[in-house]
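Report on the structure given below.
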Amino acid sequence: MSALDSIISDLVVANRILAREDVVDAYGHISVRNPDNPKHFFISRSVAPELIERDDIVELGLDGEPVREEKRALYLERFIHAAILEARPDIGAVVHAHAEDILPFGIAPATPLRPVIHSGSFIGANVPVWDIADRFGDTNLLVTNMQQGRDLAQCLGQNNVALMRGHGFASAGRSLIEVVRMSVYLPRNARALLRAKHLGGEIKYLRQGEIDARNRGYSPYSAETWRAWEYWANKAGCSHMLSKPGSATAPHGTAKKR
Amino acid sequence: MSALDSIISDLVVANRILAREDVVDAYGHISVRNPDNPKHFFISRSVAPELIERDDIVELGLDGEPVREEKRALYLERFIHAAILEARPDIGAVVHAHAEDILPFGIAPATPLRPVIHSGSFIGANVPVWDIADRFGDTNLLVTNMQQGRDLAQCLGQNNVALMRGHGFASAGRSLIEVVRMSVYLPRNARALLRAKHLGGEIKYLRQGEIDARNRGYSPYSAETWRAWEYWANKAGCSHMLSKPGSATAPHGTAKKR
Amino acid sequence: MSALDSIISDLVVANRILAREDVVDAYGHISVRNPDNPKHFFISRSVAPELIERDDIVELGLDGEPVREEKRALYLERFIHAAILEARPDIGAVVHAHAEDILPFGIAPATPLRPVIHSGSFIGANVPVWDIADRFGDTNLLVTNMQQGRDLAQCLGQNNVALMRGHGFASAGRSLIEVVRMSVYLPRNARALLRAKHLGGEIKYLRQGEIDARNRGYSPYSAETWRAWEYWANKAGCSHMLSKPGSATAPHGTAKKR
Amino acid sequence: MSALDSIISDLVVANRILAREDVVDAYGHISVRNPDNPKHFFISRSVAPELIERDDIVELGLDGEPVREEKRALYLERFIHAAILEARPDIGAVVHAHAEDILPFGIAPATPLRPVIHSGSFIGANVPVWDIADRFGDTNLLVTNMQQGRDLAQCLGQNNVALMRGHGFASAGRSLIEVVRMSVYLPRNARALLRAKHLGGEIKYLRQGEIDARNRGYSPYSAETWRAWEYWANKAGCSHMLSKPGSATAPHGTAKKR
């Protein structure tokens, strides 16, 4: 399997994982930068993530437009991906989704969403809330052009996640595995914080030094990181599509299909 | 497939989707106006929505009575549908259900249910609460005649959704796809608002201009709208029953059955 | 199928429904009075409700002891059933379970559990909370003899449901179908009330006249009641065991197995 | 089946049960002391609990290192198990997990987690919260050496469960069945307490005498304890791996596979 074949497979797996873990439903999408051409990225055409197959994947430029002729409908909000990948050369993959349990934090801005659990550390110390109305007034809330996408990317800045008021979130990672992990644990962190707020009293957030320590220790193909990727792919019914870089026989991926 | 055959299939699909998405359980129902005769509508006989087949569908008049001899039991609350379709010629489809997460807003009337998330915009800016006791005193809470149905329809007015105190909701859309979408996202919007209230502080509701902008952009067979319909039908196990108007081969509907 | 065969089948179905609807887990049980001998009742031996088969059913007397030799282990808390059936000749079936969402109301006695939704009306206007410690001091909280069972039955009085502090609930109905329905909607009513309390302001409980009106309209084999029984049995995978009294061919029960 | 074979099977079953009951996901683990050598224990190599097979089980010493050559990756946090088994000769099995609903109690330390429901009694009257930062400052929150493990074990003391701030919990039982049961009911007890707090007013916690009475009555192979183990194994799809000590034919375990 070529590197490109492998990244397309990983993108399909990522879509199915996000669907299975309730991060996306009919809506929401994930993209990955073309490793051979950093000015291009891959994303599905307009299909629900759970139903995506390899031939649904299209290649877009950093203007959000297809790099070759494409007659099929594309995601309206592909500009989120284009603008973040344009603004952040360090970023390799982007998720946009409406995961239900993060929505309250975009609607009730008095309570900032911050990491409180170790698996939530990857969202970073600061999660800004972007309100499309601040600059664009009354819209349908969707990010449907590069101007809106760039405004969102500016709000995201050097952070890993931005909430989008009344809409959802955008997250940015170095790799597919990283951005999927961040997007799966983001709602869990949100629920833990919401319930801790119910209990009342002082909340013990993760310390900056803890966030930094976890970030330093992150490695995309460590046994620990791969373990979750393999587990989620199994749950999503696509463990047969797993391939582990540097592993000729991919023993983890293929051995654990139950 | 004739237009009528197609609408009957869509009605079966709509029932199964509402069951799969936990909008209905053993109770709750959905109707669609007969496109050939606006004084008639289709709805199932008295069966749990998940179990409905094509031959369970019956045709009723705007008085809630069957237009041809029918020996099988009918839904007691079919008058909800008859009265709303009678009062609102602009409406093509009606849902009545008891979706759990909207119930608190009918019971605790101090907190109005309003759209806070973009997918909830279709419930409209104002969601009135109808209390059957206001006019009918002590009842079993069910809408079992045209007088009660018309009182509910009057409370609904030109809105899209009315809550029914201690009971559930009625929603009205131009088409099956629209009313199903509204009914699926209604509980999600309710949960987002409930949790935002927990977080406290100012709540950022959708702005009227945002609700209007989203409503203007709605198209029942756009790629975006169809994507959700297809996705939900797949989850409900009835993607093989999908048919897309204007699409001879229905490529989306048939290609994505996994 | 004889009347007794039929009631044994119904009892198995009832167990599976309660398991599927998360009313019971490994623990919790349901009993039904012997229609031929009101001093006897049927209940499973000590097995998780989901796994019960016809030959697990045993016949006990109103002292909670088996009426014929039985070497298999019995439920420790069978005295709940014996004592309620002893105290209430009007009652034909009893459930005891630990359904999670009713537990808070037994632990935080300042908030009485009362019906707020129409499907919750059958729990009755008053749901007393029984605290085993009031009379028996420090126990393991289980009702393991007739003295404890009778104390609980006394607290239940003429009501339909009693909460058991830190433990669960006991519910009493005229028939299996009635007590299952009550037990399924009890946690839903509890959740609706809990969330309405979160929203704050005045709570609109069901009115006494509404509870009475619903109770008067209840009929165990009406199309509406049967619809839920059939739906739940389908979900629990045992629709093939359904039998409808007075229906030689049981068309509803057998036709709708999907 | 030898005693050792049987304990390995039980450990696989325990892993699958914890996964099915949402106590663990890709992360979290369970260990059991070697009955033939109290200075050794069994635990899986680094695999998601749901996917564990018999040959994934490895044997470690009380220093957390493998007792024979092992090239496969091990759990980073195996020192939790080693240190607790070292400190507590009375303990036979340990769980470490991140079950979501206990997290708020580690983050909002003003509300102690205490037993409020009978099935939660086994967590014990006192559930200390261990904060790794108190002694180790800024870490990645993981317990990755014996020094950290021993500090956690010291905080646990003679209790059954310790919460780990921003991370999860460690629980300690006399047997696999006991520690699994404790770990399954721990989140349920946490939810019941959280919701009781929402309702407000005085909370009725279990009394010390009740906790003691339940503890005295516990027996790992009583009909009641076995019933849950069998039920959970069935749900997790591994009832065929059950073996009941002292039962040559293991009738419960094999008869109830549906």
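By written order: A, B, C and D. Residues from 1 in each chain.
The rule we apply is simple: a contact is a pair of C-beta atoms (placed from the backbone, for glycine too) under 8 Å apart; a residue touches a chain by one contact, two chains touch by 3 or more.
Nothing here was measured: the structure is a model prediction, and the numbers come from that model.
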Shared chain contacts [chain C and chain D, defined touch]: none
Chain copies touching (chain A, chain D) - same or different residues, decided at half shared: different
Chain A and chain D, separation of their C-alpha mean positions in angstrom: 32
Centroid distance [mean C-alpha coordinates] between chain D and chain B, Å: 45
Residues of chain A whose C-beta touches two or more other chains: 197-198
Chain contact topology (line, ring, star, complete or other): ring
Of all residues in chain D, those that touch chain C in their complex: 116-119, 121, 188, 191-193, 195-210, 212-214, 216-217, 223-224, 227-228, 230-232, 234-235, 256, 258
Complex contacts: residues of chain B adjacent to chain C: 25-27, 46-48, 50-51, 73, 76, 98, 100-101, 103-111, 131, 133, 137-142, 165-167, 194, 197-198
